[in-house]
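Look at the two complexes coming up: chain A is in both, with chain B in one and chain C in the other.
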Partner chain A sequence: MTDQLLDNLNALVTGLFLLTAFGIVAMRQTRGVLNLFIFQSILLALSALFLGLRYQSEHLYGVALVNVIIKPLILPWLLKKTAPEEVYTRREVNQALNIPTALLIALALVILAYFLGQPLLNAVAPEFRGPNVPIGIAGLLLGAFTITVRREAVPLLIGILAMENGAFLSGIAISRKLPLLVELAIATDGLIVVFIMGVLTRAVHRHVGTTAVGELANLKENVSVPAGSEEAG
Partner chain B sequence: MANKIVFNLIQVLVVLAFSPLVSGVTTRLKEMVQSKHGPSIFQPYRDLWKLFHKDEIVSEESSWIFRFTPYMIFITPIYVTLLIPVLTRYPLFFAFMGDMIGGGFALALGGFFATLAAIDTASPYGPMGASRTRMVGFLAEPVFMIVFFTVSFVAGSTIPYIVQEKWVTPATNFFMPTHVLLLLAFLILILAEGGRIPVDNPAGHFELAMIDESKSLEYSGRGLALVKWGGTMKLFVLMCIFLNVLVAPWGLAGGQTISAVLLAIPAVLLKIFALLLVLVVIESSLAKLRLFRISEFLGAAFVICVVAMIAQVFLL
Partner chain C sequence: MSIAFILGMPLIASALILLPLKQYWAGVITVVSSLVILVLAVRVALFVSTGKIVTSALGIGLLKWVSVDGLSGLILLLVAFIGTTAAIYSVGYMAHGNFPPRKIRIYYINFNLFVFSMLAIPILAEPTLVWISVALTTLTSALIVSFEDTREALEAAWKYVVLSLMGAGMALFGFLLLFSALQASGSDAAFTWSGLAQAGPGMPPALLQVAFLLILIGLGTKVGLVPMHTWLPDAHSQAPSPVCALLSGIETSAILYVILRLFPIMQATPGAHATTWAIVLGLISAGTAAFLLLQVGDYKRMFAFSTVEHMGIILTAVGIGAAGADYAALQQIISHSVTKSFCFFAAGAVLLNLRTRKIASVRGLIRRSPFTGAALVFGGLAITGAPPLAVFLSELSILRAGLSQTDYVAMGLLSLFILIAFFGVMLKINQMVFGLPDDGVMQNTPYDYTVEHKFRLPFTCRLAMILSAAPVLVLGLYVHPATAAEPADSGR
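On to the complex of A and B.
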């Protein structure tokens, strides 16, 4: 495998990563959002693998491995255990913005991310310049944007996890000797967040019979429960 | 010089002869996926033959546009065929007449006349379909433009023959993010422009749900045959642009001999068959979108092609 090919494959994977981030913003079904997130995590692992092959870094192989095990396998399992089953069949009918508008704002965010990433790229050595940094920042911003436009509990949670994915996509490009410990710690953190949010979602679902947490501000009873769940987000 | 003119004419003949076959094969494949037997793959030829031998009825209230439009719909794909690489990887005699953007405009001209003709007869269904087609059109055309401009930006040219080389020289260019994302966006465009599911149902017979079909409701006999044939040719030409210019020029004739050009015909048909399989999978696994969801579908295509453009502009 030549360096040129690896660079192109990495660029392709990051491009698809960006697309999945858009999908997480716009997809209506909860199940679809979860699948997109799993796909995004696999892409992140692939990017780490390609960068690892390109620069002979064992740390990045480790990152890829941890990602492949935790995010696509353990995380959905945990979510399924904790969050109520009914969440997956739900279709989000009213997002805060309609989908074309949300997509256009997301596009503007991506261009912003490139302008933010450009000076960073100019500051580092040429071998660290790649598509990872701007697309990672874009992933971070799109994850945050997902949290603002979504009103369903599980997509909100996935927005947080997508932010973490974005941060890591930049991280693996800037530092070749990323300690594996950091990745492990963050991945465990993610699992705990999922666990807590899943349990909270279940509690919200039991109390008010819905998981559309975006609308809970209007309800008089059980205000304390949804407020707690949103703060955890 | 003389053989380039002959090759160009062969190219047109291939498009004329095989485009009904493409529509027949698609129908048959879809029926097979649905566990039905389906009509013969040569049924579109029989339909055309039957229609050419039927009487044509033209409303007295209609103007010259109504009579002129079938020829326009029939001619524009042939004109575009002269410009694009269907069988050869080198430019043929008439290729100087326009680049990709010119070809896009020529295809849009056929659609424009179809819209006018649908309004011309003032039947209730025609204008409704025409306005819906325009709605799909004005959502799809920005995507078309950005796809073409990004392609031209990458290759430094709007000539399809230069563009197609760019994706495979060196071979690693095939995996450029811009390339793959553009392919995705253009595939969505083919679905939208060809009136396929999920944008439109080509097999539907319910007038209120029609988008593309309802424009030809008023035509009969020879006019209808020309409109149908032109429609299949447009899809064939779009597929040729997708496969030969955007995906890669594999299987195209490089030599100047007539045998090389004739050998390219089965190779191109094979590529189109592979694309048809993909289209059939998409059509069979998705449901038709509600009319106002189309903007979300094409909005996704727009996002994809803008991401492709960003990836290109900022990183190279």
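On to the complex of A and C.
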């Protein structure tokens, strides 16, 4: 394959990556968010593959392999094992913001990401420039935004993992020679995140009877702080 | 070799706890393992204090990224010390709580894994691996923050995990940028703290600056810097007290250490303003926490806010950016760690005694339990910087270093915040320990003041408190010749 074709394919894949990041912000069904995340991880792996072919870097094949095995396969299985069954049937109706507003803010964040990415791109060698860095930053910001607007346990978890995906999408372009062992360790870390948050969700579900963990926030001040003293915490 | 043992010990202990022994053994194993770690850490610290650097002799796999120098040796020693006192305290605390044996086992397993992840932070020298250790500290401690399984504890754990991991995501991108900056510099230095410092001047400033800010904000979330601190008072007050001692006493400092590692790298970059960021964030944290301290209604949250304040003070000291100030910042890390762990042990003793976290429900503690009351007063005085205790000396050296750098505004604000925090904390502790029961407030307290009932704290809890009070006193009375000398003016 020619370099031009690989660059175009990479651009296509990263573009789709950005779309999935938008979907994760706005999609209501928990199962849908999970599926979008899986699709996003496959896109990340494809981008690593195309960049690997483009620059003959075996190392990036490793990244692609790690991503394609751990995120779409092991991760949903682990989530199913740990989190209560109910999380899949949940449909999130009361997000902190309504969907059109959330999408508009998300759009603004993407534009911000391009502005943030520009000085970084100017600082690196031309071969590292490409759509990966700004879209990766956008993925990172949209993941963070997902965490702030979502209340259900699984979309929150996916927001965290999507931030990591965003960081990696930039990472495979600019820090290509990162030791594979480190990548593997970071991916394993993602699995532990899923395990711990799944267990916590189960505990919340058992003791509080909901998986909308974001809604726990209002209870805090009334329960543990006596009336008359307010705290920002 | 001892480094490998230090990292291996908590893992071995966790595995041993899985064996079907009597639940009593889980505590014993944890205490023994942390004592072994402490002895090994002292050995390593003595070795690195001569200026040498410990690296692993084995050049394979993860071990080639192991390296301990003076700064990491100090953090290692603090983790080991507070890990030991918290393990000893846990024995009494857990035995007193009527928890089912299975939960106690889970507690000790997580406790050991938590200590493992914190030990890994100073021992590893490869930034992305350090990032993994930082993320692991969150993940291993999440289940012990929610240990009591109440609605509030679960909420605290959930906030803790979500916000810390959100910060970790930011920091991950920062570390990847750091790696690409190293590659862009064309230097063939290894991707370790020392390699980065070496390659510092050649790295593109744009990349370094963004990387620094992302890491400062990302890991700052875990350190509890305002405005990313919102989870901290929740998690640090809902966790069982020995875990609070670890979370507040050392986890925050260990992660601040990772941020400190960036300063030598940033120093070579012109116009990076790393120290300005440190001073601004530090002062905002110290100031906000000092004012929030005035209105807390929960004594464990009070100590948690005091942690935010101290992290701000340390960061401000780092931001002053002179040799004397760096020394003072480290002194403050030491004194804060030992003092704050003592404070949470004392708070835990009050909680064991009265089963309430509300300041308004605790009055006349000194009559009910003289030991606990005295410990709380001692802890309050120590953490707010009363002489002749450790925090007083370290805060004094920070102010002295700042004034010698003519940072008058910053030092003026800092001393104001320290003063406010002193009154905020001591006012509440005074009410709790010496105050008379007030009928209006006391109506729904869980215990009866009219009944004369002395409470005896478990022996291991007392032991842990005495052990951790010792350095608070010693570091307040003993002044190392290097600190007594005038701080050098010549930059770092």
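Quick notes on this one:
In this text, the second predicted complex is superposed on the first by the 217 of 233 C-alpha atoms of A that agree within 3 Å, B and C clash if a C-alpha of one lies under 4 Å from a C-alpha of the other, contacts with A are read in each partner's own complex, and residues count from 1 in each chain.
Everything below uses one rule, namely that a residue touches a chain if its C-beta (ideal position, glycine included) is under 8 Å from a C-beta of that chain, and two chains touch if they have at least 3 such contacts.
In this text the structure is predicted, and so the values were computed from the model without any measurement.
In the overlay built on the shared chain, the residue A:Leu200 is in contact with chain C alone; chain B does not reach it. After overlaying the two complexes on the shared chain, residue contacts for A:Ala26 are found with chain B alone; chain C is out of touch. Contact comparison for chain A: of chain B and chain C, C touches the greater number of residues.
Of the two partner chains placed by superposition, A:Ala187 touches none, neither chain B nor chain C.
By the touch criterion stated above, A:Ala64 is placed in contact with neither chain B nor chain C.
In the superposition on chain A, contact of A:Asn8 is made with chain B only, not with chain C. Once chain A of one complex is fitted onto chain A of the other, the partner contacts of A:Leu156 are limited to chain C, with no touch recorded for chain B.
Common to the chain B and chain C interfaces on chain A is no residue. Residues of chain C touching chain A in their complex: 61-62, 126, 128-129, 131-132, 135-136, 139, 142-143, 146, 149-152, 154-155, 157-159, 161-162, 165-166, 169-170, 172-173, 176-177, 179-181, 183-184, 204-207, 210, 229-230, 232-234, 237-238, 288, 292, 295-298, 301, 304-305, 357-358, 360. Here chain A touches chain B in the complex through residues 2, 4-5, 8-9, 11-12, 14-16, 18-19, 22, 26, 99-100, 103-104, 106-107, 110-111, 114, 118, 131, 134, going by the rule given at the top. By the touch criterion stated above, chain A contacts chain C in their complex at residues 116, 119-120, 122-125, 128, 136-137, 140, 143-144, 147, 156, 159-160, 163-164, 166-168, 170-171, 174-178, 181-182, 185-186, 189, 192-193, 196-197, 199-200, 203-204, 207-208, 213, 216-217, 219-220, 223-226, 228-233.
By the touch rule above, chain B contacts chain A in their complex via residues 170, 172-173, 175-178, 180-181, 295-296, 299-300, 302-304, 306-308, 310-311, 314-315.
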